[in-house]
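Presented sequentially are two complexes of chain A, the first with chain B as partner and the second with chain C.
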Partner chain A sequence: MVVLSVLEERYESLSPSEFFYRNREIAGFSNPTRALYQTVRELVENSLDATELHKIPPDIKIIISIKEPPDLVSILVEDNGIGIPHEEVPFVFGRVFYGSKYVLRQSRGVFGLGIKMAVLYAQITTGKPIWIRTSTMNSKIIAEYRIKMDISRNMPIVISANFRKKRSKWHGTIVKLITKGNWTLARRRIEDYIRRTAMITPYADIYFKGPDVELIFKRNTRKMPTPPKVGKPHPYGIDLEMLRRLIEIHNRNITLRDFIMKCFEGVGEGIAHNFLEWARLNGDKKLKDLSTSEIENLLNKMKSYRGWRRPRALSLSPLGEDLLRKGIERILSPEYVVTVTRKTSSYSGNPFIVEVGLAWGGKIPMVRSPILYRFANKIPLLYDEGVDVARQVVDKIDWSLYRVKFPAPLAVIVHLCSTKVPFKGVGKEAIADVVEVEKEIENAIKEAARSLRKYLTLIERKRALIAKRITISKYIPEVARALAEVTGTSETKIAKKLSLILDRIMRTESKKRGDIDHE
Partner chain B sequence: MVVLSVLEERYESLSPSEFFYRNREIAGFSNPTRALYQTVRELVENSLDATELHKIPPDIKIIISIKEPPDLVSILVEDNGIGIPHEEVPFVFGRVFYGSKYVLRQSRGVFGLGIKMAVLYAQITTGKPIWIRTSTMNSKIIAEYRIKMDISRNMPIVISANFRKKRSKWHGTIVKLITKGNWTLARRRIEDYIRRTAMITPYADIYFKGPDVELIFKRNTRKMPTPPKVGKPHPYGIDLEMLRRLIEIHNRNITLRDFIMKCFEGVGEGIAHNFLEWARLNGDKKLKDLSTSEIENLLNKMKSYRGWRRPRALSLSPLGEDLLRKGIERILSPEYVVTVTRKTSSYSGNPFIVEVGLAWGGKIPMVRSPILYRFANKIPLLYDEGVDVARQVVDKIDWSLYRVKFPAPLAVIVHLCSTKVPFKGVGKEAIADVVEVEKEIENAIKEAARSLRKYLTLIERKRALIAKRITISKYIPEVARALAEVTGTSETKIAKKLSLILDRIMRTESKKRGDIDHE
Partner chain C sequence: MSSKTNTTRNDVLKHLEEIGKRILEDIGKERPPKLKIRVRSLSNTVWCPEEKILKLGPRCAVREFFNLRETRKFMQTVLMLSLIVRARREGDYPTIRDLYYMGKHTIEYKDLHGKLRRENTWETQDESDYIIQDIEVLTNLLREDMGIMFDAKGRMVGKVIIRSKGNTIDLSKMGVGAFAIPPNVGDIDIVDVDADYVLIVEKGAIFERLNNEEFWKKHNCVLMTGKGQPDRGTRRMAKRISEEFDLPVYILTDSDPFGFYIYSVYKYGSISLSYESERLAVTRAKFLGVSTSDIYRYKIPRKFIIKATDRDIRRARELLRYPWFQSKIWKEELSLFIKKREKVEIEAFSGFGFKYLSDKYIPEKIEREEFID
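Our next item is the complex of A and B:
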């Protein structure tokens, strides 16, 4: 060991996997309970991305069993997704910062980190490799791997690789790993996670089997959201580095005009012309002739021009009001649901869409403040609700304006879709308070709350009518007796007649007020 | 551009700097306000580490000026630290995951990330390099560099390097960068940060000049905490990967007995003997003869043995009760302070120490719940208080048991020192709820609160005595008049005499109850 004097420091370089090995709590792998939950989550989210992004209705199977009591746990996740090209498998599972999610498109995975952290955690706690079976749709083989990581070099170690002919049409991926985890403590979180995942993917079949639990969620629709497309950057979303790179990777012989039309979101001939004129830039200048300061000037001009189109939603994939309703019904079985999908909005050039659902009554328990279900790019967020912008908005809203008096059976579902969700950390558990996002969540909740108010108003009127009917009914026997005495007709007959008349009046009254039966 | 079918994905690898460039909000660089604060913070913390860890009383100078309105800001930070060896400068500032902080020792920096993020942010928003002047204590030259980063390769780009003879005894580092930032919005945070830094470093001279503000904190002590030593891992703190590496880097010819004595914290001959006997392991076996499963067995045995010594505090550097009190007095000017430094404790093999201060009255405003000042390894934590374990503990405590009735002028200072602070993210703003840490914070606060209660009890008694005195005084003229009539002595004389008697009684009373003047 090198001995250093007190006035010296020893400098060294870490590989990315070394860094995350030392700081695994940053990615949510802080202890065996959290690590187990996080592992399940990363595997399930990869499986959903592998199906849903390619319009395959997901069939996901999750099997957890206790391998060696008390804390060696085996986790298997299987999907019917597009599979992984077999030459990519070692890197996808064994190299930090390697992946296919580094494009401008909404997906669950973004950091290219989660699955590697699961492999790493399994390896350092049990010493065991991860096992993978996969086949792509057009492949004629099925590949099976066992992989570990060389942490200090950030490279995969292939323990075994096995290729065999594919005789069926099977495609997809099965991953199995043995990790240290506390099932008893993690169980509730994992169940909750799977339930919420089922809420946001009503078109997915999800089967979950744990040591002492089995959950089966059959899809209640085959309709799927339109998959997102890979998008181009928006002029408001770029920085100097990005602009330089875009210039670098393009044919430097093209003109500035062609460049901005080709490389940026929503820039057509008209907008390009207007921008160049406004910015006093020569559109015919070749990219290769731009000096450093001209590039800086171009950036500043692009950022301050007000004539760009707003970012579009092509690279986003919201659920839509119908599917969101289906999902909420499948899990919460409420008496009433309203869903709202807002139009595309944007922050710093990143397009985003907010979806909100309000669910009332039915199996929802009475609570002192709304139960909140948070989702970002279809990922359920379970931890750190206290610092999430959605919680702040929900708490800020004056629910009494919408005829909600707590305790009440109210759940709020908030879903944020974006090519760049402003997460507060790599653990992906809370959304930062970006002003534009906050405003949209607020507007979406208020919009939905207005529908809820209408519903609650009707319910109240209906109750009032029923109460009125009961009150009036009480007098029928007495009136009938009096009339029977006067007219000599049978008391029972008169009472029946009166009841029918009352029913008719109530129905008319009810219609007049625009009431309808809710079912 | 490659066109991909909907059923294919494109895989790619990111460099660490590319990763953090794309996900800069994770490291706290989410917008120009936060980025400005974060940049100041990273620079100041590097400066404090460069002085304090080497027992140099820190002289820190921070100068912020607006370079180009509205949002081009220049930041300069200067220290009298040990300096950076000039050949290391490019990597220290231009390469992510490169640094000197990757050892088992308490320091402010741990991720080797912060300063690089500041460089990166400046570069992508202004295109300008960072400027550094540095000289180590024994060096005969002063080095000056201008550095940028090659983000996709994670390598420094040296724009200019300049070496000149050192004629003075100067050593230290000056860093200057120009970044995009919103001074108006960041100002309050930055001031707050510097004030709190001054609170936790009473032995530091800190000078801060902003565009419209100047803060000067002169040290009020020259005593400094003992710098931490680089420690060895504790048997409870290791995992399979670490154990394998330790075996790898050691002479594989040594015996198992020598290995555990040499490589682990607090393992002497006796403990080694007891452990090997308990674990039924052959201590004479050579390291090179251990099989994979024997290594796994060794790990399990080490983790379950209950006879290890608890981790020691050699690698920690708490402030201590005196310095913490000095720091609190320098910033809060309270009427009363109590400080508590707890003994070393540990979680998962990581030693930690909790220090707590309670400050009452003086310039502290009346608040509905205690003002909380959080510190971790002498870093002030400003954001995300809501999810910090310290806030949870403070809110859980029943303050009325300690005679505190809110609103009250109470501030709680919590300082956690550890070789591994369980931060919730790379932004280093909140401490995760590790059970052992939570318990220690609670115990520390309660211990301090008992002293506070004593003080408040005395204060109350004193107030009661004063009230009593006032009440009795009211009767003196009347009694004096009556006595004057009876005795014929002058009324004034008697009144004076009675006053003196009352004073004497009050003093005796006060002493009997153990009261003392507080000052």
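Our next item is the complex of A and C:
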């Protein structure tokens, strides 16, 4: 939102596309390595949003090849999503601020800006158009476009458009672009990104082929999280720009009372009445008659009123404990996983949910401090881990309380869902240390860690029991032999009896300690 | 004494077999087998003021085969039991080192990770010796009675007639040598002793010198040595002669806390073997010297006086805390030692001439009854 207001106030002479091009590092396109990674990300995230928001189990294909060595790279991303109505294709890819994401719900990209940055960057660095093939579910045709962008006018230029009859049931979108990028340097990041994306989408089939790498992630569940409902903003969660936009897009003839009842979450007649009375505002006043200072006053009053309902989480779509477990299992193959999805909380009127997973053992390597996987609205966060609030929480926790002694094979997965993720800085790679969020992450990790402790205690006891059996039973032959010599009784008979007693003792002890022997 | 020992030979075997049978009984009834053994530690060593000996206290530890901490020791105990029973049945007299080798074998097993591992029934002789002591406590039998031998180092000489394995031996006819006291003193008949007292010297070298001079003949005594810390044979022999022939026993050691402690081992028993004091303590033993005050009374030349080490002082402080060193005179001697920080060896008397010790110091001390009880 900051970007928007700055844009409107100071860069009026620049088109949005021009503005974004000049500020490309904000969107993560600062150099060829970062740009390649960012392009893959934007395309994959668009594909995931096009599928999972509509409950389609995603099939995502990512193919990267080196077009012209050393640094002309071709990127193709295919999905089985809802597709794009063919008449809208040029604007979706060729015009900044066009898209379907201008509503308040949790999705990966908020403004659909990233994809345009990718297109812009590709065009600037290679001069080549973007290629799109798409078809919606009910459409009878498949559309193919080659599009460029008129940067100064913020308009698409259609190089070619091609429509043909659809013979299959295929729907979805394929985007291919050629951009300048450094594959060698970006490779590790991209792989890491795809692996982590696969972790947070256990219901997605993801296929990735690069110049020298192939990764295949098969879905291990067909269950999908409930897609987020479109939510209204909460009075605490808005700022002046948002309020202005909301007023702009609504019928300006409605009254102030109707406006707050219709446009904000949890505001009914009673609450609207109480608020207007408390704020000494005239509820019958028409929206169009509000002056700038009156709008500012409205905002201040809304922010300081204590009578609003708490924000709800309909607009959030956490993965849920089961799916998060599935995701962790498919990528980390641990010996033990525990997941916790917390109840909805809020900070400054923005609802959020924290989900946490702890994975232990299996293929997780021994580490001196927990490996951290961070996600915000199902997007993996790869950079700036050191300043992320989740890292701070993980490092602050006294793991020895939970029977974890480092080096240990422990990974922590933190997923924050929010209609507004409190990112640190413009890089959108780290969560800021908002007190409410920090507290929730800490509570979630501790809750999960208590289960981990139980598990580790059981494992330890089980090992101790097995160790005890080994320690004692190895002496049975010697004791039997000695007693046989002293008493003249048969050695095998004594040994058998001793084994019998040992079995009985082991049975009682494992029962006493909670039966853990499932195998 | 000897005839009694011979008749108990069979009883010893029965007694040992009985312990095996009791364990087997538990196993037969599918009860976890256990052994109750009195704890042999300083904290369970009791000073018995009436009898004036160190005794093993009443505290017991249960050694259970199915207890993780005890299982190895349990195995070792029944293993050792079987070795001793075998020796008794076959009439063998193994040494503690023989028992160590006879019982040492390798157990193979797979560990938690399925890896093949090896473990010996016991690693060092210390381990098997410890178990022998446990069996002594468990059976209330001394190892000598169980026919277990050890490297005996005691020597004795004097007008003593003994009978052993059918031979009569006159200990005054050993020439320049001396009779080597065996571990199984119980198997010896002491036929006759013609002596006024028994003199035990700490050091083998002093024993050899006094024997060479025929001190025992001149002064009509039995001369013995345990060569440092006395073994059980030496102690038992001293006790038997003293008690069976009603003779006082005088002990001569270096003048330092280790010498003082050796005296107390003869007289009261040792901490590590407190369970056998009753059968080994020489209650009539008296400390002849060399006491700390003797250093000054006999004006031993400064050049023969050795400066005490910190270890000596620590040891002296420990002795001061033992209940059997609480007599007024011992407290004075030990305090004097701690104050002066000086010690001497018996050989220091040679500074006055080679025969000073035998002609003057020992007879004079005995005559004047200048010993510490």
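Definition applied: the second predicted complex is superposed on the first by the 421 of 519 C-alpha atoms of A that agree within 3 Å, B and C clash if a C-alpha of one lies under 4 Å from a C-alpha of the other, contacts with A are read in each partner's own complex, and residues count from 1 in each chain.
The definition used in the following text is that contacts are C-beta pairs under 8 Å (C-beta built on N, C-alpha and C of every residue); 3 or more make two chains touch, one makes a residue touch a chain.
Predicted model only: the values in this text are computed from it and were never measured.
Peer 1: Quick one: is A:His54 in contact with chain B, with chain C, with both, or with neither? Answer first, second, both or neither.
Peer 2: first
Peer 1: Please work out whether A:Ile470 is in contact with chain B alone, chain C alone, both, or neither, and reply first, second, both or neither.
Peer 2: After superposition on chain A, A:Ile470 lies in contact with chain C alone.
Peer 1: Quick one: classify A:Glu478 as touching chain B (first), chain C (second), both or neither.
Peer 2: Touch status of A:Glu478: second partner only.
Peer 1: Is A:Val367 touching the first partner chain B, the second partner chain C, both, or neither of them?
Peer 2: A:Val367 sits against neither chain B nor chain C.
Peer 1: What's your read, chain B or chain C touching more residues of chain A?
Peer 2: The partner with more contacted residues on chain A is B.
Peer 1: Touching A:Lys497, do we find chain B (first), chain C (second), both, or neither?
Peer 2: second
Peer 1: Tell me which partner A:Ile505 touches in the superposition: chain B (first), chain C (second), both or neither.
Peer 2: After superposing on A, A:Ile505 lies in contact with chain C but is clear of chain B.
Peer 1: Which residues of chain A are in contact with chain B in one complex and with chain C in the other?
Peer 2: In chain A, nothing is touched by chain B and also by chain C.
Peer 1: For chain C, which residues are in contact with chain A within the complex?
Peer 2: Residues 16-17, 19-21, 23-24, 27-28, 30-32, 65-66, 68, 71-72, 74-75, 78-79, 81-82, 85-86, 107, 109-112, 119, 121 of chain C touch chain A in their complex.
Peer 1: Where on chain A does chain C make contact in their complex?
Peer 2: 463, 466-468, 470-475, 477-479, 481-483, 485-487, 489, 494, 497-498, 500-502, 504-505
Peer 1: If we count contacts the way the header does, which residues on chain B are in touch with chain A in the complex?
Peer 2: Counting only chain B, the residues touching chain A are 6-16, 18-19, 21-23, 25-26, 30, 54-55, 82, 85, 88, 91-92, 95, 97-100, 102-103, 110-112, 123-127, 136-138, 151-152, 227, 230, 239-242, 245, 292, 296, 384, 386-387, 422-427, 432.
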